[in-house]
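Both complexes below contain subunit A, partnered by subunit B and then by subunit C.
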Partner chain A sequence: MNLIVFALLALLAITAVAIAKLRELWAVIMFTGIYSFLSASWMMILDAPDVAFTEAAVGAGISTVLMLSTMALTGKAEEIPRKKSLVPLFVVLVTGATLVYGTLDMPHFGSPNAPVQVYPDPSFVERSEADMHGLPNVVTALLASYRGYDTLGETTVVLTAGIAVLLILRRDDEEKDESAQLAGNKTS
Partner chain B sequence: MSAFPIIRIITKLLIPYILLFAFYVQFHGDYGPGGGFQAGVIFASALILYGLVFGLDAIKKVAPPIVIEKCMALGVLVYAGTGALTMALGGKFLDYNVLEHHVLPQWHVPSGQHLGIFLVELGVGITVTAVMTMIFYAFAGRKQVQ
Partner chain C sequence: MTLESIAGLYNYWVVIFLMMTGFYIVLARKNLIKSVIGLNIFQTSVFLLYITMGKVDHGTAPIVPPAIAAEQAHAAHGTTEAGHAAVGHAALEHAETAQGLAHDVAHNLADDAISHGSELAHASTEIIYSNPLPSVLMLTAIVVGIATTALALALVVRIREDYGTVDEERILELDRGE
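And then the complex of A and B:
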């Protein structure tokens, strides 16, 4: 098990470096897809299959397609920077060191004393099945029932984001094209 | 990409199973891992895969943008409508306990909390599928601007 964990994390790191190194955008997009699949496998190891579904479908599937279609509209290669600057490297190192320093305080993975296990009333898990008339999935019960308001808000955010993307990207002549096509189909 | 027979046939073979898996994740989400958001993105990725391989016109026949556009709002309406329904039945907003009924108990018709979760997850699933598909349409429908 540990071997798989280390192999996955090493592959994630290698993929991230490859993405940073490559200048050919097509290859970069493929590597981000690979990165997402590796993350999905990592989520499976962390016992979060629902997050893994989402990561595989959105990260590796949909966002890869969206990036490919964006690339078709723009260029295929990233410009090579003319002069090397040390500032970005410095910023990355400092941020990385800060994050690693932050993890030193964190409880070990799966520790029973971790705040996430202790702080929310454990009786939530115990009473959820009776509350939900026998539904065994506590995650769904929390998301859809105990925290139903939050999920309604999230759904509205998804709708709002979708509307925003459509307002920015859609053009009027496209709609005209469509209606012309529909009319053409009807006559043929 | 529809010129490549291997891609075309593999896609045709896979899409039913992807859709079936999306429905499984949607409707079995109360018991196993999953739920509306996961099911929505899996369903949308099946539609997008179809669009990638068979072209934008083919996918627009299967999922007409004008319908998908309405579905974006329909999902939120189903969710909020469930809340309105529970209020109309005398409970609080999104208090599914008032949805308890005794219709065909031997058929395991969802009731009470189960029915409420079923309905709101359905709403989430519809919205997420529609938004993802519409974003794909918005990106794929644009032509290169020089």
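And then the complex of A and C:
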């Protein structure tokens, strides 16, 4: 069990570094899909099958498709050689060190007395079956009923994002002329 | 730094490593699509952080096994029915003499049934479930995340239409009129 977890974590880290290092956009997008699948596997081991399903479907499926279609629309980016800067690496190392220092106080992994497990009252599991007339999946009960307003808000966000995408990508004739003019001005 | 605390905290460190990799991609890579990918990696590491915190030792996924749920419901109904049947039967057979005996039998039966029921209930509470709340929050976050990713990619497409490039510095140069 532990070996599987260690292998998964190592693969996750390697994939993330590969994504950071690679320049070829196509390969990067493929690696992003692999990364999503690996994190979904880890979620499965961490007892969150619902999140794992969603991550595999949305993270590895839809988001890869979206990125590939964006790449098809924008074309391959030209390689612009520029000198390497060490500032981002420095910023990342300092932030990472601060965060690691912050974890030293954290409750240990799997501890049943961690604040996450104690507050709010963890009676969802006991109550949900009676409240939901025998629905076995507690996550579903929480998502659709106890925290139903979250889901309502989520739906609103998705609708808003969908409308925004449509508005951004819409092509009227006059708007196209305008944007063509603008592009002409910019490139000239 | 004891071995125990390393074993208890390494999950967080892996998550922080992934988070910082995403952060680095956002900072260092100038391609806009690459930046969106960096944000995605950052986001996934936040999901992993929450899910890691929700895990309980020896726990299982928060899904009540259907067999246990059915048994529990059956036991709850069964005890009262068995007790009533026994009392009624005994009372008819030996109307006067065996009244006391019947009472005893019924009592024993009911006792048995109750202890049986509570055993079942005990067995079901012995299953440790991991915390369902982080899962629920992250389910919402994943869907919101894909919505924002789609919006960001649409903006990238639009920028490419107007500027003819998806390179951050090139866009800034064009804006400055160089």
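As a convention for this text, the second predicted complex is superposed on the first by the 166 of 188 C-alpha atoms of A that agree within 3 Å, B and C clash if a C-alpha of one lies under 4 Å from a C-alpha of the other, contacts with A are read in each partner's own complex, and residues count from 1 in each chain.
Operating definition for what follows: a contact is a pair of C-beta atoms (placed from the backbone, for glycine too) under 8 Å apart; a residue touches a chain by one contact, two chains touch by 3 or more.
None of these values were measured; they are calculated from a predicted model.
*Asks:* Since both structures carry subunit A, what do subunit B and subunit C do when superposed there: clash or fit?
*Replies:* fit
*Asks:* After the superposition on A, what does A:13 contact: first (subunit B), second (subunit C), both or neither?
*Replies:* In the superposed model, A:13 contacts subunit C only, not subunit B.
*Asks:* Counting only touches as set out at the top, which of subunit B and subunit C does A:163 meet: first, second, both, neither?
*Replies:* First partner only, subunit B.
*Asks:* So, A:145: does it touch subunit B (first), subunit C (second), both, or neither?
*Replies:* The answer is first: A:145 touches subunit B but not subunit C.
*Asks:* Which chain makes contact with more of the residues of subunit A, subunit B or else subunit C?
*Replies:* Here the partner covering more residues of subunit A is C.
*Asks:* With the two structures laid over each other on chain A, which partner does A:54 touch: subunit B (first), subunit C (second), both, or neither?
*Replies:* both
*Asks:* Classify the contacts of A:65 with the two partner chains as first (subunit B alone), second (subunit C alone), both, or neither.
*Replies:* first
*Asks:* For A:96, using the defined touch cut-off, is the partner it touches subunit B, subunit C, both, or neither? Pick first, second, both or neither.
*Replies:* A:96 sits against subunit C, while subunit B stays out of touch.
*Asks:* Mind working out whether A:133 is in touch with subunit B, subunit C, both or neither, as first, second, both or neither?
*Replies:* first
*Asks:* Working from the superposed arrangement, determine the closest approach of subunit B to subunit C, counting only CA atoms, in whole Å.
*Replies:* The answer for the closest subunit B-subunit C C-alpha pair is 5 Å.
*Asks:* Name the residues of subunit A shared by its contacts with subunit B and its contacts with subunit C.
*Replies:* After superposing on chain A, subunit A residues 48-50, 54, 58, 62, 66, 70, 73, 134, 136-137, 139, 143, 151, 154, 158, 161-162, 165, 169 contact both subunit B and subunit C.
*Asks:* Looking at the complex, which residues from subunit A come into contact with subunit C?
*Replies:* Subunit A residues touching subunit C: 9, 12-13, 16-17, 19-20, 25, 28-29, 32, 35-36, 39, 42-43, 46-51, 54-55, 58-59, 62-63, 66-67, 70-71, 73-75, 77-78, 80, 82, 85, 87-89, 91-93, 95-96, 99-100, 103-104, 106, 108-112, 114, 116-117, 120, 122, 124-126, 129, 134, 136-139, 142-143, 147, 150-151, 153-154, 157-158, 160-162, 164-165, 168-169, 179, 182-183, 186-187.
*Asks:* For subunit A, which residues are in contact with subunit B within the complex?
*Replies:* Those in contact with subunit B are residues 48-50, 53-54, 57-58, 61-62, 65-66, 69-70, 72-73, 131-137, 139-141, 143-145, 148-149, 151-152, 154-156, 158-159, 161-163, 165-166, 169-171, 174, 178.
*Asks:* Spell out the residues on subunit B that touch subunit A in their complex, using ranges where they run on.
*Replies:* 25, 29-35, 37-38, 41-42, 44-45, 48-49, 52, 65, 69, 72-73, 75-76, 79-80, 83, 93-94, 96, 111-114, 116-117, 120-121, 123-124, 127-128, 130-132, 134-136, 138-145
*Asks:* Where on subunit C is subunit A touching in the complex?
*Replies:* Interface residues on subunit C, with respect to subunit A: 4-5, 7-14, 16-25, 27-31, 33-34, 36-38, 40-41, 44, 47-48, 51-57, 59-66, 69, 73, 125, 128-140, 142-151, 153-158, 160-167, 169-170, 174.
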